[in-house]
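The block underneath contains the structure these notes are about, expressed in structure tokens.
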Amino acid sequence: MKNHKLIQKWTNKQTSLNAWLSIPEAFSAEIMAHTGFDSITIDMQHGVNDYLKTVDMLRAINTTDTVTMVRVPWLDPAHIMKILDAGVNGIICPMINNKKEAQKLVEYSYYPPFGKRSFGPIRAKYVYEGNYAKVANESLLIIAMIETKEALDNLDEILSVDGIDAVYIGPADLSFNLGYEPKFDQEEPYVLEKIKYILKTAKKHNKFAGIHNASVEYALRMKNLGFDFVTVGSDANFIIKAASEVVSSFKNSKIEEGSSY
Amino acid sequence: MKNHKLIQKWTNKQTSLNAWLSIPEAFSAEIMAHTGFDSITIDMQHGVNDYLKTVDMLRAINTTDTVTMVRVPWLDPAHIMKILDAGVNGIICPMINNKKEAQKLVEYSYYPPFGKRSFGPIRAKYVYEGNYAKVANESLLIIAMIETKEALDNLDEILSVDGIDAVYIGPADLSFNLGYEPKFDQEEPYVLEKIKYILKTAKKHNKFAGIHNASVEYALRMKNLGFDFVTVGSDANFIIKAASEVVSSFKNSKIEEGSSY
Amino acid sequence: MKNHKLIQKWTNKQTSLNAWLSIPEAFSAEIMAHTGFDSITIDMQHGVNDYLKTVDMLRAINTTDTVTMVRVPWLDPAHIMKILDAGVNGIICPMINNKKEAQKLVEYSYYPPFGKRSFGPIRAKYVYEGNYAKVANESLLIIAMIETKEALDNLDEILSVDGIDAVYIGPADLSFNLGYEPKFDQEEPYVLEKIKYILKTAKKHNKFAGIHNASVEYALRMKNLGFDFVTVGSDANFIIKAASEVVSSFKNSKIEEGSSY
Amino acid sequence: MKNHKLIQKWTNKQTSLNAWLSIPEAFSAEIMAHTGFDSITIDMQHGVNDYLKTVDMLRAINTTDTVTMVRVPWLDPAHIMKILDAGVNGIICPMINNKKEAQKLVEYSYYPPFGKRSFGPIRAKYVYEGNYAKVANESLLIIAMIETKEALDNLDEILSVDGIDAVYIGPADLSFNLGYEPKFDQEEPYVLEKIKYILKTAKKHNKFAGIHNASVEYALRMKNLGFDFVTVGSDANFIIKAASEVVSSFKNSKIEEGSSY
Amino acid sequence: MKNHKLIQKWTNKQTSLNAWLSIPEAFSAEIMAHTGFDSITIDMQHGVNDYLKTVDMLRAINTTDTVTMVRVPWLDPAHIMKILDAGVNGIICPMINNKKEAQKLVEYSYYPPFGKRSFGPIRAKYVYEGNYAKVANESLLIIAMIETKEALDNLDEILSVDGIDAVYIGPADLSFNLGYEPKFDQEEPYVLEKIKYILKTAKKHNKFAGIHNASVEYALRMKNLGFDFVTVGSDANFIIKAASEVVSSFKNSKIEEGSSY
Amino acid sequence: MKNHKLIQKWTNKQTSLNAWLSIPEAFSAEIMAHTGFDSITIDMQHGVNDYLKTVDMLRAINTTDTVTMVRVPWLDPAHIMKILDAGVNGIICPMINNKKEAQKLVEYSYYPPFGKRSFGPIRAKYVYEGNYAKVANESLLIIAMIETKEALDNLDEILSVDGIDAVYIGPADLSFNLGYEPKFDQEEPYVLEKIKYILKTAKKHNKFAGIHNASVEYALRMKNLGFDFVTVGSDANFIIKAASEVVSSFKNSKIEEGSSY
């Protein structure tokens, strides 16, 4: 078992709660890190983040003991190696569709002789205790996203790749690619069936599995299904939700204006 | 009457809803601007904002028709003139404690001959139609914060200063300075009495009045009292609120783990 | 016909005027957006721009109703999808040299089932009305640059790819690749012939065509030839031009120094 | 005579040409620095610049041998000392209205025993050869802006302050404060008279004088009057001018659309 | 005794070692925070830092348990209150020259009723446990710099101000103001006498004392004299020192070039 | 022979000294540029740098006459072309493992007809005199890193590629890939043998060779072996080294505390 807080939790049958960051700013990341999530994932794919802001955000989260993850923009060695050097505890790579892509993800994420990651853990060496060159391969969480028909077709092969620790389901893309509206908390039976299939197949291969959700209710259902980690909401969506509630409850209020003045 | 959307609303006895920004990022500002507030105030005093980020945030808000305001860090001509040049629709100045300070606020905010603002509306000229030099003095909303004992003692003199359009109550500082815990949505009778006194005195001088709140409930009470504008929450607090709800409802859930898998 | 302001204009036989941004700053972008161009293209290939500055610049332009475009650095899914998520109205991709590359451009730019773009329109959802997942494929302008010998050889095949809306000629690269000095406003007959050939072939395939120019004079000739959109100058070049004129007319002035003092 | 390139030029009766920067970006500053101005002034008062961007811009200009100046936002010791530490060759301070303010400007700008500037030339030490502590007082150009009625009334007293090397006229503020429209290239006889009065008084006190202009034509008239340095335009205005010319000459073109295609 | 790690150390007669940051970047701050200093001071006066970079740097240091301090640019309420809100553990204010200035420093740094600091600990609330409004006044370290003749003349009065916890000597400015070359590790007997006088007077008033040094050797002498905290070097100077050693030892090497190849 | 300062030095049998930058800030780069290195390389692969910070750093170095280089993150046309446009004097590309990759490096780095670099030297045109389109191919230094077993196996083929000017050894990755601990200043005989083999093979192909080192001592040995350029340390490591020395010499000091006070 890897020396990773989440993996240890999952092995103990505890589902972890993950948060998502789309706003490119360390202060919002720091706020999020103080609200109690087990892990926080900075989204470099669809989030408005870039590399330097992500590093600032990692520092902000590292002022707490929350686990840090980054969803990288794409299966690209430059992105993956550079963000691992920045001292993240794990990465989520979008659109892993076949065995070859899963193997590349492993190749870019692990040091020799297992992989081909280049050595230069410029900030990572401060995040990990001990000799980073020695501990890295056994400490990082490498997660492949399953979100296309092609990935479903190749799921067993993808999951057979050593070094892939877990899969993560992006229900919006998965739904879209299966012909449904791209959304979270999907209720389409066909999509739900595929979600369960991915989970079951992951377990068959002794891999962990996570899924993105819009609501706690759905996340709890997913936890109940056996998912090891669930994401609920994001910094951006939390603002939208709480702000919209304020606006609508203020504007819909029935107290007559100025009545008591 | 000034040519200002909020003043026109207030004159029509409508209370406007204001939002507060503490996160130094244009994307969160843009999200907030799409949720329906009448105005948004960027807090350069206690917020984590600086000048250039504030300009980026103003642009983000200006992609909608939400009114923009800035709370400046202090009664300082450099800050005030520079932020007015950036094209904001109004400013809120903290800690106006006496007539002299109110006069300085007016002096820094208005063009000659009424004030001493230096001319150079580098971005403001794009925000306003017409000749900015001519329309500025009649278009900007200048608001003084009343939040100390000294200010209460000098309230009539402060409110007699021509060019001050409105007062804004910071209940945390006001409470602190009156010997109570610094907080919003204050229920201490003595503080509430002072809040009502400020409102009444503003109205006596034909000025408008606003107040900072933590909840819609309290804001509605303040609206009911006769306040012209009320602030509820902030980007940072919206994240805290919505994220904390997610964490606590997930962690307190009673669904047994893995039961149905 | 796509629901895109430029395409509608072009369909009405109106040539649109495009501007080019190389300076990584939202204020200069905002200035440019107020001068009257139909569209503005942020150059992420040769410009000094990066992703976060580009997002700031998009916001600046979105304070007006100018159409936004981005020239992406390369045919790379991470770049293309991320900039589309940022809410741009169209992209120009450099160095499309054959059918396969044109197909990849389409694949990265369109949602399923037509393409493979991943879903997460983090800022785009504020730029477009309606359900972005539904309107995106019919609203975005996807433009391939034709600027090499290989592209000329494969022009019919490139233009036969469904989803490519228009071609854009980079005369500097095209000239360079044809053995001439890399420059705009090219007068070399061989290059001009190729420019006309590209235009004609585009029209044959019912695609639109644009070209980069250094001067209004040349741009008008290109408009006259039938080009649907023409770019003239850039923020950087406008500074160089106007500043150089000031320096040279000041230094070459014949008024004797101090003569009348 | 101070060891300053501009002062040496002025002493030789040569009028120097100054440029103005309002865009907060080093690349535009670098472009400007390559167009041939004698000096470039970064405007921290009305420009969209802040301290860190100004330092980046100073580096950009220092890749050439153009003289660097900064207009500080206000007569504030923190601003003035910090920008001098950044390695600028001179400062222009707005709104110097009386002898006391002129003395403060000197106090903040010079090292002991002449002034009270705090020691810590963090970047300045790389800009100047020799021991900065020894050469600074004799190398920096300290300029006071004359732009109000009060300043005109106190002009002799202001100019009698040792350490003030030159005055700079802001015609927009001067006009505004004298009751006229705030503009450059002023033709109002009363304002022109005051401009000449400032120049003459500066010369009487053996100080140098400069003025801000919108056009080369007006700048040449000012040079002819005896001004030692003249500013023409700014990065922002150069973009506006050149871009507007392109837009209007394109849109007003009479070549019929598509006629020859 | 305040609840502050350094004060507790000093009370136990232990001299703490402080580092200085002049480079505006969180990564260098983070590196410094891992090298073992008791405290790190970000220099906003002479350093190339601004507010937002300072906040990023505070986060970087807060990934360790190093005490954070900021030297503010000047005795300015906006600067002081805003940096305290950012969650720093103490501030050093330059150029405190008399009792009134010391009182202002206290007024800006403490909450009512002791001072007039405005309430809004936007990030500070994450740095401190407990109710920040209650613990702040007893947790922050407020330090006045003594570095002018005027300050020496008023030393007893300055030190009699309640709320000033310690004094800090800037030997460069002190030397300069006493008529000597501005430098650290000063050996001039007159300056050394004044340094000892400041230390002795601080102790007489039961205040702590610190001093800036260039070398460990001098810092140890100062520790030996009784100083409670000593600063040695800075990030910028560490680069200069180590890089210069590399360059000179490489260039002065006597191994003949290419001799053994 | 190319018109490049380093190549001219190497041709004269002089070994140049290179520095390495990992901190994303122009001020530290500027400090480094004033310490006397022949060249400075900004590390975009393992350093905490991104594109815009790198451009700022290039400007900082360009205030001196130090040669600029960038290690690009990966063999990626977007990265390579964009950094060349930024005006760097040379690039180092990591992980060149076979002839095809070496050919791609050449293709991305040279203008037609030799390569396929796209034309748009937005900042480069200010760094080079003359017509950049004409001088670029003969002025840029293109360096391939040799750091894997595969590269060793293909070394002759890699070195036979025209346009590759030099090779650079990354001893950490090379060691790691050969089964040893990743470190600089390697003493493992097998690794040293491979280092000598790379040097010898480069010379056989009339290419230049450089190597990364941790100490001057090792760098001098490498110079003695015949390496044309050697890197020693980095900005980050210089801080670590000098700061750690201060901390340890202060903490290990035997002077008794407070003894003489």
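In order of appearance the chains are A, B, C, D, E and F, and numbering begins at 1 in each one.
Basically, a contact is a pair of C-beta atoms (placed from the backbone, for glycine too) under 8 Å apart; a residue touches a chain by one contact, two chains touch by 3 or more.
Nothing here was measured: the structure is a model prediction, and the numbers come from that model.
Interface comparison, A-F against C-D: more C-beta pairs in contact at C-D. Taking each chain's centre as the average of its CA atoms, chain A and chain E sit 41 Å apart. Each chain gets a centre from the mean of its Cα atoms; for chain D and chain E, those two points are 35 Å apart. Of all residues in chain B, those touching 2 or more other chains are 22, 24, 27, 31, 48, 50, 55, 76, 123, 236, listed in ascending order. Here the chains touching each other pair up as A-B, A-C, A-E, A-F, B-C, B-D, B-E, C-D, C-F, D-E, D-F, E-F.
Within the complex formed with chain B, the chain A residues making contact are 13-15, 17, 19, 22-25, 27-28, 31-32, 35-37, 48, 216, 219-220, 223-226, 230, 232-233, 235-244, 246-251, 253, 255-261. Only residues 22, 24, 43, 45-48, 50, 53, 73-74, 76, 79, 94-95, 147-148, 170, 172-173, 176-177, 179, 181-182, 236 of chain A touch chain C when the two sit together in their complex.
Taken in their complex, chain C has these residues touching chain B: 26-27, 30-31, 34, 55-56, 59-60, 62-63, 123, 126. Touching chain B in their complex are the following residues of chain E: 50-52, 55, 76-78, 81-82, 85-86, 111-113, 116, 118-123, 133.
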